[in-house]
Amino acid sequence: MKVKRLLKRNEFYVALIIVVLSLLIHAKSGQFFTANNLVDLARSLIVPGMMASGLFMVIASGNIDVSFPYTAMLCMFSITKLFQIMDYQGPVILGFILAAVIGALLGAVNGVLAAWLKLPTLIITLGTCTIYLGFTQGVLKSSVISVLPAPLADMANTNLFSVRSAATNLGSSMHISIFLLIATLLIVGFIMRYTMLGRGIYAVGGDPVAAERVGFNVKAITVFVFAFCGLVGGVTGLTQVTLSGMCQINFFDGYEMTIIAAVVLGGANIAGGSGSVFGTFLGVLLMKLISNNLILLGIPTEWSKLMTGVLIILGVCVSAYKMVSAERKVTSNILKAADGEEAAHE
Amino acid sequence: MSDILLEIKEVSKHFGGVTALDKVGLTIRKGEIHCLVGENGCGKSTLIKIISGFYKPDGGTICFDGQEYSSLDIKQSIQLGIQVIYQDMSIFPNLTVAENIAMNYELYNRRKLVNWKNVETIAKQALAHIGIDIPLHESVGSLSIADKQLIAIARSILYNSRLIIMDEPTSALTRREVDKLFKVIRQLQKEGISILFVSHKLDEVFEIADQFTVFRNGRLIVSKEAKNITNEQFVFYMTGRNIEEEYFTADHADVSSSLFRVENLCLKNGFENISFEIHPGEILGITGLLGSGRTELAKTLFGMYTADSGRIFIEEKEVKIKSPMDALKLKVAYVPEDRLTEGLFLTQSIENNMIISNIDRLRKKKGTVDFQRGNEDSKYWVKSLGIKLHELKDGIQTLSGGNQQKVVLGKWLETSPKVLILNGPTVGVDIGAKYDIHNYLRKLAEEKTMAILLISDDINEILMNCNRILIIKSGRITGEYKNTDLDSSRLQVLITEGEGAEAV
Amino acid sequence: MKKKLMSMVLCVLLIAAMTVGCGGQETPASTGTTSETESTDTADGGESYTIATVVKDMSDPWCLRHQEGVEAYAEETGYNCYVKGPSKTDSAEQIQVLENLIEQDIDALCVVPIDPEACKPVLAKAREKGIVVITHEAEGFEECDYDLEAFNNQEYGEAMMDELAEAMGEEGKYVTMVAFLSSTSHNQWMDAAVAHQKEAYPNMELIPEERIECEDNMDMAYNKAKEIIKKYPDIKGFLGASSYDPPGAAKAIDELGMTGQIHAVGTGVPSVSQPYLESGSNPCVLCWDPALSGKAMCQLAVMILEGNEDQIQTGLDLGIEGYNSVTVDGTNISGNAILVIDKENMADYAF
């Protein structure tokens, strides 16, 4: 029974693909299961992992948000600029709190528009993301900040531990911001699984009218998911600064699509109501495995985009195929069900 | 202490210029099963929404357990112990059975966190309470409508429920499932819970209700005991007119020729060896329980499923139907079971819905659409089917269920089909419109140009309107009868017990 | 319902379009007013010229440096020279800026086009009106009086390779990086560099991946470099065409603990590469000084306006560092203004 339930879960298949792909990369390059590569992999998951868990909530509620990379960008530049202008020397945590507040406010704008105007959220967030981009360019006049203020620069150089692979003599350090990823995953996981708010998000994603009837505050939930996604976006923006040691306007270019793809790969239905934060994390892991190992797999540069696209489509097709084929087939066996039904009634 | 639980006094509600409710009243006693009946658009659902706190009334008072309110809100109504089970059941297809049942309870208790052990225990208790067994971890989307209905009931009794309102709970259930539901309802009654039961079906009202109330056009017509009332009286209260239906007999049927013939049709997991023939002038009925394969058969004939083996003939010519496109080209029309999701474009106007199936024929030389002709065609069908509407340009959602169904029928008839398949054509349709549709079908049959296949679980509908009746059970045809040889109770037995019963 | 939805969608789109549009038009206007006031009077009794320069992106330090040069030139000569440009690297917005300028009374237009092909119509219109058009960073461009390059693309590629070879000790594996596999100049540089290596440094070896695409994004350059190093732990050099490639690769080198063993050389600006010039992972970066090319463009424009076009021949001295003996090939002019920046001299270049 347990095994059967496991086999039904999307996460199982994503995990399976991840294992196969890892073994394949290792077989091809001998480089996958080395200490420094695993640390690098974890490090590369920080930013997309955080963004995806924020977005997962939005998708689970049956909405979509394409503005979060721009929220991240705006927070990244505004906090860094602010620190620069103020010549701020205090603890860096203030920056993260500010980023979270700004991000949450920007997200709440999306949420309020979505809850009251009842427009498709794709259109709303397409609009707001252009506004956020315009603000960053117009008001902050920013495309690059290469010298970071002291608190951010210090954090950029703070690592938890370093490892070195004996074979290649390559070393890697685990950046402190991995804690932010872990915290985000745990918080989102907890909210979605163990709070009524989280169950409400699933309920709204499943059927918003029914959710309202059983007594959920659908508007509040909508605002919450967008605000939370914005909050995570803001924090992620600043995290990226400390990881890269600089700000560049195109850091998050194309993130909206890859992150949405990762969430969907992780088993969340794009129409809402399903998925888990664990699945989302696996989805991100799979995306990163693909995009960061094309060279190790020996795929020529000219073909890398094609490969990434094909893999995304394949991944999404698997879950879509299950739905479509279920629709075209009579799933429960009517011819046999009769005997069972008879027995149940008597 | 008074034994009155809910008293509605002089409640009115207007939407724009339309009066949905005009100073209506309703009294429900404790532990009473009260039936609220009326045609679609009579104000039943508006009243339910006022009781559940979805709408605020424009006037009047709501008196619950001695306490007077001018209006309620959703949470307040839930706190008072009022539960509504809507027609769509408002359950979450993406969540498990256990969670669906326990969710309201947790919300009711204003919990912030979810205790999964608790959820399971609550769900188990609730299901045990009404004496049914459904696997707790199944996702609800994969369950049958009947099971969903029972889950919705299990969910609603978890509060200190005082009043459970059920909006047409039986419309998608088979007789057997209805019996099961009634058993549960009577048990709730014994526990002192009042039930407000909204229904179209007269026999159900006689069977279950203590008291009944009839609404018509937003007004209260009558409210009295259900015991001493005749069918004719009842129909008159509801429609304001006397309607009688006679058995349809295809006396003039041309048995020598065939319009539509199916031989040994099989679909994996669905049905096997289905064979039948429709002659000019006939209406062939197919009936069976929910899950007997009747819907699968209908969908296969329209190409939504692809049959694994068997042959289909239209006017003696063998055809292959592999997709709805094929079916359209072969002039097969399908009026689906669920008009809202399968039959109509809900955001479009009445007119657009009317012409859509016929869009190819309205194509002008340049490839543009001849809307002028479409408009004329639509007007013709509005007239001949007696569709009540304000304007053709209005949204389809402004129409009542009965009129919507007439639009679906009209749009298919406009394609001048050779085969007309109707699957539950009068589900959720009020009595007046239902008889209109039946009469129209009879007229069509007399023209002898169209093969008409009526699939339904409404026993009276099948019995009255089909000259021959096939009974399907577990994907196999178990018998063929002339309608004049049967009555409703006999047919009922045949459907549930199959051919075996006949021998007894 | 449908109609209402449609109109709302249109509103949102309109607002979105307006915000972008406004941002675009506002910035050049404001920068225009600040610098226009600087010089209005005639220089030394001679004729005064109005010369407008349009850069790629007014928020980029690189373009600000360009502006510095133009303003210095205005001060030296007394001509009315000013700089305008879009608020971000957006070709459509740049064309709008150009359209607005040619409606005004200007004598010459110095342009650094984002997308040369797209600029053709508007520049043709400018020339019809008798405005002298000088372009930059658009070698081979035709719709101009002259195109001035800081250097010959081939020489620049070769110079980059010389610097990389020196850092690598003229041996070992290396790879090249560009912004996009479709960027013309980046690929010209890299083609020249690789050809030069094959000829002059036979002990160096280009790995099979040959050319990595990093989309002008330092984070991507960093990730790709990491991957390359893992696949080829014995790699010794990265040659980057985009100014974000060398610092990105250098960050990867530093993090993997390979500083001093792997080097990243290529186009770069001091403001971004500074930490890696210090750490040594960027032994040096190459570029040209946009202030000087800005000056040179204006000077070239003035020569044409003064009717001295016949003097424009190979060997001409524009009187500006790096442009003391330019090469002229038809309408293509190139200087030898390659600038090599290392740890020692980086403080002199604030861009």
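Descriptive notes on the structure:
A, B and C are the chain letters, set down in written order, and residue numbers restart from 1 in every chain.
The working rule: a contact is a pair of C-beta atoms (placed from the backbone, for glycine too) under 8 Å apart; a residue touches a chain by one contact, two chains touch by 3 or more.
What you are looking at is a predicted structure, and each value in this text was computed from that prediction instead of being measured.
Ranked by how close its C-alpha mean sits to the mean of all protein C-alpha atoms, the top chain is A. Among the remaining chains, the Cα-based centre furthest from that of chain B is the centre of C. Distance between chain centres (mean CA atoms), chain B to chain C: 70 Å.
Mean C-alpha position of chain A lies 43 Å from that of chain B. Note on chain placement: the centre of chain A and the centre of chain C lie 35 Å apart, centres being C-alpha means.
Residues of chain A found to touch two or more other chains are absent. Residues 29, 31, 36-37, 40, 44, 117, 119, 123-124, 126-127, 130-131, 133-134, 137-138, 141-144, 146-147, 162, 164, 168-173, 240, 244-246, 248-251, 253, 292-296, 300-302, 304 of chain A touch chain C in their complex. Looking at the complex, you find that chain B touches chain A at residues 52, 54, 74-75, 78, 84, 86, 88-95, 99, 103-104, 106-108, 111-114, 137, 142, 176, 267-272, 291-293, 296, 305-306, 473-476.
Residue ranges on chain C touching chain A, taken from their complex, read 5, 8-9, 12-13, 15-16, 19-20, 22-23, 26-27, 57-61, 87-89, 181, 209-213, 215-219, 222-224, 226-231, 233, 244, 247, 251, 255-258, 271-272, 274-275. The touching residues of chain A, counted against chain B in their complex, run 5, 193-199, 202-203, 205-207, 209-216, 269, 272-274, 328-338, 341, 345.
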